[in-house]
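Okay, here's the structure, questions in a sec.
Chain nomenclature is as follows: A, B, C and D, assigned in order of appearance, with residue numbering initiated at 1 for each chain independently.
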Amino acid sequence: MKAYQLASRRAGSDSTVVAVSLPGKTVHIGPGTCTIIAGPCSVESRDNYLEIALLLKEIGIDMLRGGAFKPRTSPYSFAGLGEEGLDILAEARAVTGLPVVTEVVDPRDMERVCDCVDVIQIGSRNMQNFALLKEAGRSPLPVLLKRGLAATIEEWLLAAEYILEAGNPQVILCERGIRTFEEMTRNTLDIAAVALVKELSHLPVIVDPSHATGRRSLVAPAARAAIAAGADGLMIEVHQNPDQALSDGIQSLTPLMFAALQRDIRNLAGLAGGISTEGEELRRER
Amino acid sequence: MKAYQLASRRAGSDSTVVAVSLPGKTVHIGPGTCTIIAGPCSVESRDNYLEIALLLKEIGIDMLRGGAFKPRTSPYSFAGLGEEGLDILAEARAVTGLPVVTEVVDPRDMERVCDCVDVIQIGSRNMQNFALLKEAGRSPLPVLLKRGLAATIEEWLLAAEYILEAGNPQVILCERGIRTFEEMTRNTLDIAAVALVKELSHLPVIVDPSHATGRRSLVAPAARAAIAAGADGLMIEVHQNPDQALSDGIQSLTPLMFAALQRDIRNLAGLAGGISTEGEELRRER
Amino acid sequence: MKAYQLASRRAGSDSTVVAVSLPGKTVHIGPGTCTIIAGPCSVESRDNYLEIALLLKEIGIDMLRGGAFKPRTSPYSFAGLGEEGLDILAEARAVTGLPVVTEVVDPRDMERVCDCVDVIQIGSRNMQNFALLKEAGRSPLPVLLKRGLAATIEEWLLAAEYILEAGNPQVILCERGIRTFEEMTRNTLDIAAVALVKELSHLPVIVDPSHATGRRSLVAPAARAAIAAGADGLMIEVHQNPDQALSDGIQSLTPLMFAALQRDIRNLAGLAGGISTEGEELRRER
Amino acid sequence: MKAYQLASRRAGSDSTVVAVSLPGKTVHIGPGTCTIIAGPCSVESRDNYLEIALLLKEIGIDMLRGGAFKPRTSPYSFAGLGEEGLDILAEARAVTGLPVVTEVVDPRDMERVCDCVDVIQIGSRNMQNFALLKEAGRSPLPVLLKRGLAATIEEWLLAAEYILEAGNPQVILCERGIRTFEEMTRNTLDIAAVALVKELSHLPVIVDPSHATGRRSLVAPAARAAIAAGADGLMIEVHQNPDQALSDGIQSLTPLMFAALQRDIRNLAGLAGGISTEGEELRRER
C-alpha cells in the first residue's frame, strides 16, 4: 500500500477528470483537455479586473485566475483587496460566464471564498498548512494544489492525500517550479515531475510557467514544454500593463503575447494528444 | 531602510533578550544566556510526558517542549493529542515550574494554546503561513519562529517582521536545518546563518540540532557547533525510549545522553561567552 | 561588456550553427536543425557497439554517442574500454558514415581522441576542469559542453568562454539536469535554462533527457519538452538490452522505444520551427 | 562491504593520523591535533607571500597555504602565477620551516608540484576529476581533498577511495561548504557532515570556513563551530590587505583578526578534546 493510497494510480483504473460546473457550462481538467487558466496575479481594482477578464474571455481561455488574498514575503507589500476582491471575482464570473479560481490562505475564509469562486487554490507556501488542507478537503469545490517551493513529489502527493482523505475527490495538481541554487530564474520548473506525477497518480496536473520562471520571455517556452511533457493545462499570469502591476509584473504577459502563446499551445496540444497515447503504451510496456 | 525594519539590528542599539515569565520565575533568551529547551517531539500520554518532564527538570533544563498539534507529512501519521495534549502540557508546567513551548498550526487554536503554555512555536512548514504569523503577532506570548525548510535568511527575517509588525516584540528565531541535495542527514544545519542573523538582527537565535540532523549521533556535535557559533540556546528532542517514540525517535536522545550533552554545552557556553565578546569587537572593526 | 563576451549573444548577430564534417557529409547543430544523437552510455564491446550503431543509423539518427573513458563515482565501477573503445568508435564511424561524439576526461588523451571521433564531449563533472577546457579549446573538433551538476547558467557560459577564448569557436551546450533536493529523479531537467541560454548566447543548445531524468519512462516526455522549449537537438541513451547495460541501463531506451520517440520529435520539431520564429519576435519585442 | 571500503571506518581500528614530514619537523593531522593551515588565497608576488608567511609563522600556525594554479570561474580572472608561484612557495617553506599545501589542477603538473610543496590539494571543482585523483593517488605526498560544491558525502568518500585505491593512504578531507539556495553566504557550511564523516571514515577531516561562508565576519564563528563539531583542523585565508587581494579578499582575515581567532580556537580545542572522547563513547553506545 502506497503512502498516498487515494492519490496513487491504481492498476486498470482511469485518470481523474476534474469537472468545474457553472450554470450552463462545465470545464474539465484532465487527460485530453488542455485547460487554460489566465488572469492577473492579484485583483487590483474592479475596472481593471473586469477589463482583463473580458479580454481573456475574448481570447478564448477556459478559466479566470485572480488573487484576493495574496501571501507576500514582506508584511509591507500589497496583500490583495481581501473581501472586496472576492466580490470583484464573483462579478467577473457573472459577466464572463467563466469559472474563477482564487487562493485561500486562512481556513476561516474558506466558506466565504467558496461562495464567490469555482475552484479553490492552495498556494505553494501553504502546501503543508494542514489545517487549510483539511478545510479544503471539506469544501464543495475542486482544489488546485500548488507544489511547495521545496516539496518533494512524495510530499506533494501526500498533501493531496489530506484533501482526498477529508472527502474531496476533486484535486488538481499544479507544478510551479522548485527552489534550487540557480538565480537567473525565479524557480526551476521541474518538467519531469509533470510526467512522473501522471505516472504515479490519477490526478490531473497543470503547470504555472509564470511563477516557475519569473521572466516574461521564458513563459512561452516553459508553457510549450509543459504541454509537450503531458500537462493537462496551464495557469498563466496576464496583465494589461505588466510594468504597472502591483505584484509579479515582471513575469506577466500582455494580452497580445498571451493570445499568440495560446494559439501555439492549442496546436501543440492537438499534436501532443496523439503523442500522449503513445506515451501510455510505452508506459504499459515497461 | 531595510525590508525588515523592525527585525533588523540598528546601530548602537542592544540585542533583544526575550523574557518568559512564570509565577516566581523568569527565563531569558538572548546574548549571554544559553537557554536549553528539551522534551519529546510529541506529547504521547500524560504519564509519559510528566515522567520525562520531571527527569528533564532534574537534569537542569530551562524550558520544556512538547507537541500537542503535530504537522505531519502524511494524513495517516500520529498528529498529536490535540486539546488533551495542551492539558498535559499545562499540568507539566504546574508540576515542574518550568515554562513550556508548543507549536500552534491553526490560527483558530491560538487563544486556547496561549492559555496553556508560555511560548508559542511557529513550525518550519508554517513559516510563511501569514494568517498564523499575524495571529501570533497579536498574542500575549513570546513566539519561537522556526526557519522554513527552504527559506532564505531574508524571508525568515521578514516572517519575524510579520509578528513584530502586528505588535508582538518577543520573537525568538530558531535555525533547524535547510533542505539540500544531501541525503544522509535529514536537513543541513546552516550554522553560518546563526552568526549572520545575529549580525543582521537584534533578535535572539537558537538552534534545533535534532531536526537539523535527524540522526541521534549528530545531535551532540551539532549542538556544540551551534553554541560555538554564537547561538543563544538550543532546543533538543529527548525521549525516555526513543525507539518507541510515536514521532522522530531516530533523532531523539535518551535522558542519559542528553545529560552528558548538557554538561558539555554549559562548559562551552562559559568559554563562548568570552569568545563572543571578542566576536562583537571584530564585528565593529569591519 | 558581459563576463562571457565571446559566448554572449550580440545585438544583430546570428546564432551559431556548429558544423560537424565528415567525408561527403556535414551535420549541423543550431537553430532549425533538430539534431539527434543516440547510442549506449558506454562502448561495451565491438560487436555490441557496431550492432546498435547500425540499428540507430537505420532509425535515422544524426550522430552516434558512446563512452570510451567513463567518469564513474566509484573506482570499482566499469570505467570504459579506454583506447580500445576509441578504436571501436572509429570503426563504427567508418561503417555507418555517422559522426561520433565521445567524452574526454584527461587532457593527455585529447590528441588521441580527436583522431578517432568528430565531436569531443566535456562531461558534467569536468565542466570546471579548466585544464581540460583549455585543451579542448585548442583542439580542431567541435566541443559538446555539458552543464555541471550544480553549475549556474553563468558558470556554464563562462566554461564555454574558456573554450572559445582558447580559439575554438565550435561549442555546443548540453543541458543534462541539475542537482536538487528531489530524489525521485536522478537530476532535475532545467527546461527554462534551454530557452534562457538561447536568449543569452548565440551557441546551440541540446538536451540530454536520459541523464536529466534517470528514468526510462521519463525520457520521452522530457525529450518532447526540450524540443518544445527550443532545444536544437537531443542526446539520448539507447541500448539493445538496457537491463544488461554496464552503466546507466535504468535510463536507456530500447531501439523500439527510441524509434517511436524519434518520430514524435521530428513531428514536434516541424511544429516548433514555426513556433520558435514567433518566439524570436516576442523576444525582440521585450 | 561498503562502496568505499578503504575509506570507511572499520570496527576496532584506529583513526588515521596523516603525517606531513619536513626535515626536523613532522606535522600531524588527525584526532587530537588541531592543525591550523593559513595563508592567502593565491600567491600574488614573492615579497607579499614571504611577508605573510613569516607573519603567520610568528602567529603560530602549523602549515602554509597559497595557490599557484587557481581554478577561476572566468577565463579573464587572475589564475595564479603558475610555476613562478611554486618557486615562491618552495622559498617560503625554506624560510619559515613550515610545510606548504597548494592546489594542483592538471595531472601534468603533479610531479613538478610535488617537488615544491608538502601536501597536494584537490579543489572542489576537481573532486570528480578522476584523472587527477588517480595521479594524486600515485604521488608521494599527502592529499587534501576538498568536498565538491554539490557532492554528497558518499561521493566525497568515493573520491577519497580513488586516491587510496591508487596507493596513497594519506588523505585529509576538507569540508568547505556546499551549494544551496541561500544567497547571503557564498556556500552553506555542512557542519554535521564533519561529525558524520568522522563516524563513517577513519580519515581526518578539516574545515575551510573562508570558502564555506565567503564573508569575513562569519569566518570566526564558522571556525569555532567546526572545532566544536569535531574537526581535526582548519584552513583559513589570511591576507595582509584583504581589500587589495587578487582573489577572495572579501572572505580573508587580516593577520590581527586571525591571531585572535587562533587563540580562541586553541582554547576551544583544549575543551573539545575532553568532549570528543565523550562523543566517542556516545557513538559506541548507539
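Just so we're on the same page, a residue touches a chain if its C-beta (ideal position, glycine included) is under 8 Å from a C-beta of that chain, and two chains touch if they have at least 3 such contacts.
Not measured: the values here are computed from a predicted model.
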In terms of mean CA position, the chain most removed from subunit B is C
When B-C and A-C are ranked by contacting C-beta pairs, first place goes to A-C
Subunit A and subunit C have mean C-alpha positions lying a whole-number Å distance apart equal to 33
Cα centre of subunit B to Cα centre of subunit C, whole Å, reads 48
Between the Cα centroids of subunit A and subunit B the separation in whole angstrom comes to 35
Residue ranges of subunit A touching at least 2 other chains are 150, 179-181, 183
Listed in rising order, the residues of subunit D that touch subunit A in the complex are 150, 179-181, 183
Note: in the complex, subunit D contacts subunit C through residues 3-4, 71-76, 79, 105-108, 125-126, 128-132, 149-150, 155, 158, 161-162, 165-166, 179
As the complex stands, subunit D meets subunit B at residues 150, 152-154, 178, 180-185, 188-196, 199, 212-213, 215-218, 220-222, 224-230, 257, 260, 264, 267-268, 271-272, 275, 278-279, 282-283, 285-286
